[in-house]
């Protein structure tokens, strides 16, 4: 089993006719994903690798059952496209687009919540179920099937950690990138919950980074509700912190956000925190054996 | 009995410290209305005719039970003030203010509907229960107690019709002005429903005017659901119609809006329509006897 | 507030909405240079603030200079639905493939903006709406929720458009909605919205009407509006009153539009009497406002009498009475004036008016009051 | 994008938010006329884009001209938290009764704007927030629903203000929220927001930081931002990459910020190695972007080696490789370069890089790759 996605998931690609949309649609199809339709306003009637393209999501949902929409749209239309997907009844959405204005992200997040939709991203690399299928941009040759769930705020770090696990013979159940924008449509805790319920997943690797308080929230969840062991890594421990402007950031974060805060809080929650990337495979191996 | 208002109704006055707010508060108190509190931001702590003034509606509702709020606020803050009342839990509101931007009215109307609040106005003269109390600006010496309900889109025409009924010895149960702005917070049908349920009311006089389709909607309601006789008068039958701009108005109204359309539709619904003001007392008298 | 077509098109341009190149002229003498700049064939369009000017001869296509000069003179000498033509918009005639309709207005009963589109644009749109309402597609807006571009694309899809044209039309409608929202629109309309033979999409006509009550938000428009009025009307409007000149012989001052309309209906029912104007004071009567009301009513010198029908609800009618009295005294008026003034402070009001020589009618029936006026006029005529 | 205090105050003024009269100077020589215009006592404020400049000596009150000249020189010669002071804002010192705090920012976890106010404004606000969090009052905004003025009055009531001052403070906060929303703010902050002894309310400080990803909506700001950068950084930023100069000896090019940070952590764990920069390519790698990345990394001439850590997910790394190869060839580079390039098209990428003389590391562990670089450097040093 896997979380959120499997080979039967019917996927819509919004922004399918752009360069990235086209290329990644091809990769997704080759990885085993059921891409049933695409949308680009003004391009209705075209086909991309055999996938029919519609002008609107509504036309796509009128013609196909859709479980998941993945978006490769320009940042300036990301908000409109995500809300179009939600209003057309799609309740799982991955927004790959980077450089989305954070005020737009806040609207999308609130909109998704109001309509009980799950929005991963923006700037998510997507989700991969190794050996089965993927949505998004993750290069599948970095992954192999197995029992470790990976949740990462960074995209490329997720690839690295998965590939390093594969090197020592440890595969993954599902790997999911959350996107490291200032505000994420879905937070770490919500994905931890899903892994906690997934039979296939024995251990979870959580890859965080400095900024925000998602890791601190995750620590509280792990301590109180998580039945499975979690390994964590926080990127940016040795990075000199940027100069803050004003006080508002500090006040609203209330002392959270630094690598130290995150590592301490996770440690206190009983999570093993790898201080360097190359410690992760060792820690996972210990837990699996 | 009466609709919406009686001598026990606890009334808040928003905009109580302005010239009109002060004058009308005095008139309301003298007419028997229970004005329990007032609000003007920045004037908290003052008193107006013994009524305590607060900076915010929330302070007023924290200190007093409020059933109805009546607003004498400047047009540019009308939207904010109405929404403040609704958000503070008040579900009956009369907005006396005139010249409220119609886009603001649309927001207020939608907001009231969403929160199950009744918004009368803007530009309503208010409601009077003759011999008992009133909210708003209706001069009480124009009214006398009895069994006729009056609903009027025009304020001063409501006074006139009531006074003319009094001249022939016919009193009123409740008189309510809806405001004749382009969009009204509450439409005629909603008030007809209340009169239909009111034991004290034997006959209803409906005073409409050219423009919009409220009278046509009212006709449909009267035909299908109203148990009591209704007399109607439509002002503006002989007024030369203004030059329309564009087609949008005509398209959206779909042939409704003219005095002729209203009168015909009401006649077809079995309503007796007075062609001149002075026919109203005669028609009512007939029905009451 | 209504905008002339060319003014509306200026606003369209600010929002990036494509319109044909055009030149506005105020006199015959400007037609030749204008046509030389715009080219032939061209369209001459009378700038008047009413619909249906095409059918009334206010729009002419010209194929050469001579024709242009002649058409220009004809239009400038025309009255269109009662309006003199003071300005003419000259535009290049385009090769048109399709005429669409787009209008945004307010559904009064629902209290919601509504966007209407149709593939049957052009002068017969109202007929289409009546006979084939299924050819008009609508999107109702929730005033509490933003409209997103995809919703407009969904609406426009109904017109059977595809590709670039689908996007262009949708973008234009999105921008029309921006104008409607930004300027508190009552109507924003394009008829026809055309697709040319080279797949350009342009607004051939442009209608914008905005809410007078919201003009305080746009001081530039407010000023423009006042500048278009003559001085006495301007003074009234600034104080919240509304005046419309009519053709009759009885000057009228009423508090409340409904009362004013009912009063006009009643006046008309008396043989020989008819209203010379519509005047609604609004709810902010002061002595000064009442003076202004008297002055503007008296500008019409065909009056037989004046009828004042006011209620003291929100209005301090006793204050208003002072203004009336002042005008009577200052101008030594002899014209008969009947006032029906009731409500709060009615006794005080009567006293002031009677001292000034106004006939007061103290019952509430407008019919009786006008009858009283008719009697007085009759007496005067006799005497 | 961050604004200097005086730039933020210009924006405040456009929105009608009161700020003290001020003059900006760029050199010592302007101080005397500035003080003569502003008057004594005056405040000199270093214009730097970091918080806490007051505690760092960047703000000085001066009582006479001599003191002003001296303080001005001192500040211009200072570095504040690493920043040179290039501009100084001179303002009249006011008689202050109360210092409030107001900040608007984004709660990242909730994804909501939050308005924070406190009656304990001034330089110790962060301490207050930590020790007496109940002295900070907050209003969380729903991104789907407008905030109405009354909600701000309700928030400000918590500070115990009354009368005119209550309204003035509320109006200012309403306008700060307008700025935050209009310009896609990350932070809009005033500390302190002061009440003077004559009941004026003014913003003594002004912080505005807006979202770089939203700059396309404000071309005027985008241009300003680019103009502040040197040319090579500008080229990178326009292509979506992020570069920060550091003090180390290993040039770094990574695809992804998380990977870049983890790589930096790993480099630091090797004795003698440290990152010379942070460089994150973003998701739009092209040959040209990679050339620009190489050029900016090579601007630092203390480098021992370059480490490239890129993944082919969204990025066509084989395209990027062409850019790297071109720079190596054109500049005849001899500095050792290790590349770990994996994912889609990895084989193609390796081939291009190896032909250009880049050492490729084909496993996924960054630690191993850096170890490889260390070995090469060691060999080179030896050789």
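Per-chain residue numbering starts at 1, and chain names A, B, C and D are given in the order in which the chains are listed.
Here, contacts are C-beta pairs under 8 Å (C-beta built on N, C-alpha and C of every residue); 3 or more make two chains touch, one makes a residue touch a chain.
All values reported here derive from a predicted model rather than from experimental measurement.
**Student:** Give the chains in contact with both chain B and chain C, ordered by label.
**Tutor:** none
**Student:** Fewest touch steps from chain A to chain B?
**Tutor:** Tracing touching chains, the least step count from chain A to chain B comes to 2.
**Student:** State the pair with the higher C-beta contact count; candidates are A-C and A-D.
**Tutor:** More contacting C-beta pairs are found at A-D.
**Student:** Could you work out which chain's C-alpha centre is the most distant one from the centre of chain C?
**Tutor:** Between chain C and every other chain, the largest centroid distance is to A.
**Student:** Whole-Å distance, chain C centre to chain D centre, using C-alpha means?
**Tutor:** Result: the chain centres lie 53 Å from each other.
**Student:** I'd like the Å distance between the centres of chain B and chain D, where a centre is the mean of that chain's Cα atoms.
**Tutor:** 56
**Student:** Can you check how far apart chain A and chain D are, centre to centre, with Cα atoms defining each centre and the answer in Å?
**Tutor:** Centre-to-centre distance between chain A and chain D: 26 Å.
**Student:** Provide the list of chain C residues touching at least two other chains, using ranges where the numbers run on.
**Tutor:** Those would be 144.
**Student:** Should the pattern of chain-chain touching be classed as line, ring, star, complete or other?
**Tutor:** Ring.
**Student:** Can you name every pair of chains that touch?
**Tutor:** After working through each pair, the chains in contact turn out to be A-C, A-D, B-C, B-D.
**Student:** Which stretch or stretches of chain A touch chain D in the complex?
**Tutor:** 20, 23-24, 27, 75-76, 96, 98-107, 109-111, 114, 125, 137-139, 141-142, 152-157, 159-160, 163-164, 166-167, 180, 182-185, 187, 207, 209-214, 217, 233, 235-240, 243-255, 276-278
**Student:** Would you pull the chain D residues touching chain B in the complex into a rising list?
**Tutor:** Going by the criterion above, the answer is residues 148-151, 153-154, 157, 162-164, 166-167, 170.
**Student:** Sort out for me which residues of chain B touch chain D in the complex.
**Tutor:** 41-45, 55-59, 77, 79-81, 83-84, 87
**Student:** Show me the residue ranges of chain D that touch chain A in the complex, using the header's touch definition.
**Tutor:** 2, 49-51, 81-83, 101, 103-109, 111-114, 116, 125-126, 129-130, 133, 136, 142-144, 181, 184, 186-187, 189, 191, 207, 209, 211, 213-214, 216-217, 240, 246, 254-259, 261-262, 264-266, 268-269, 278, 282-283, 310-314, 316, 342-344, 346, 363-368
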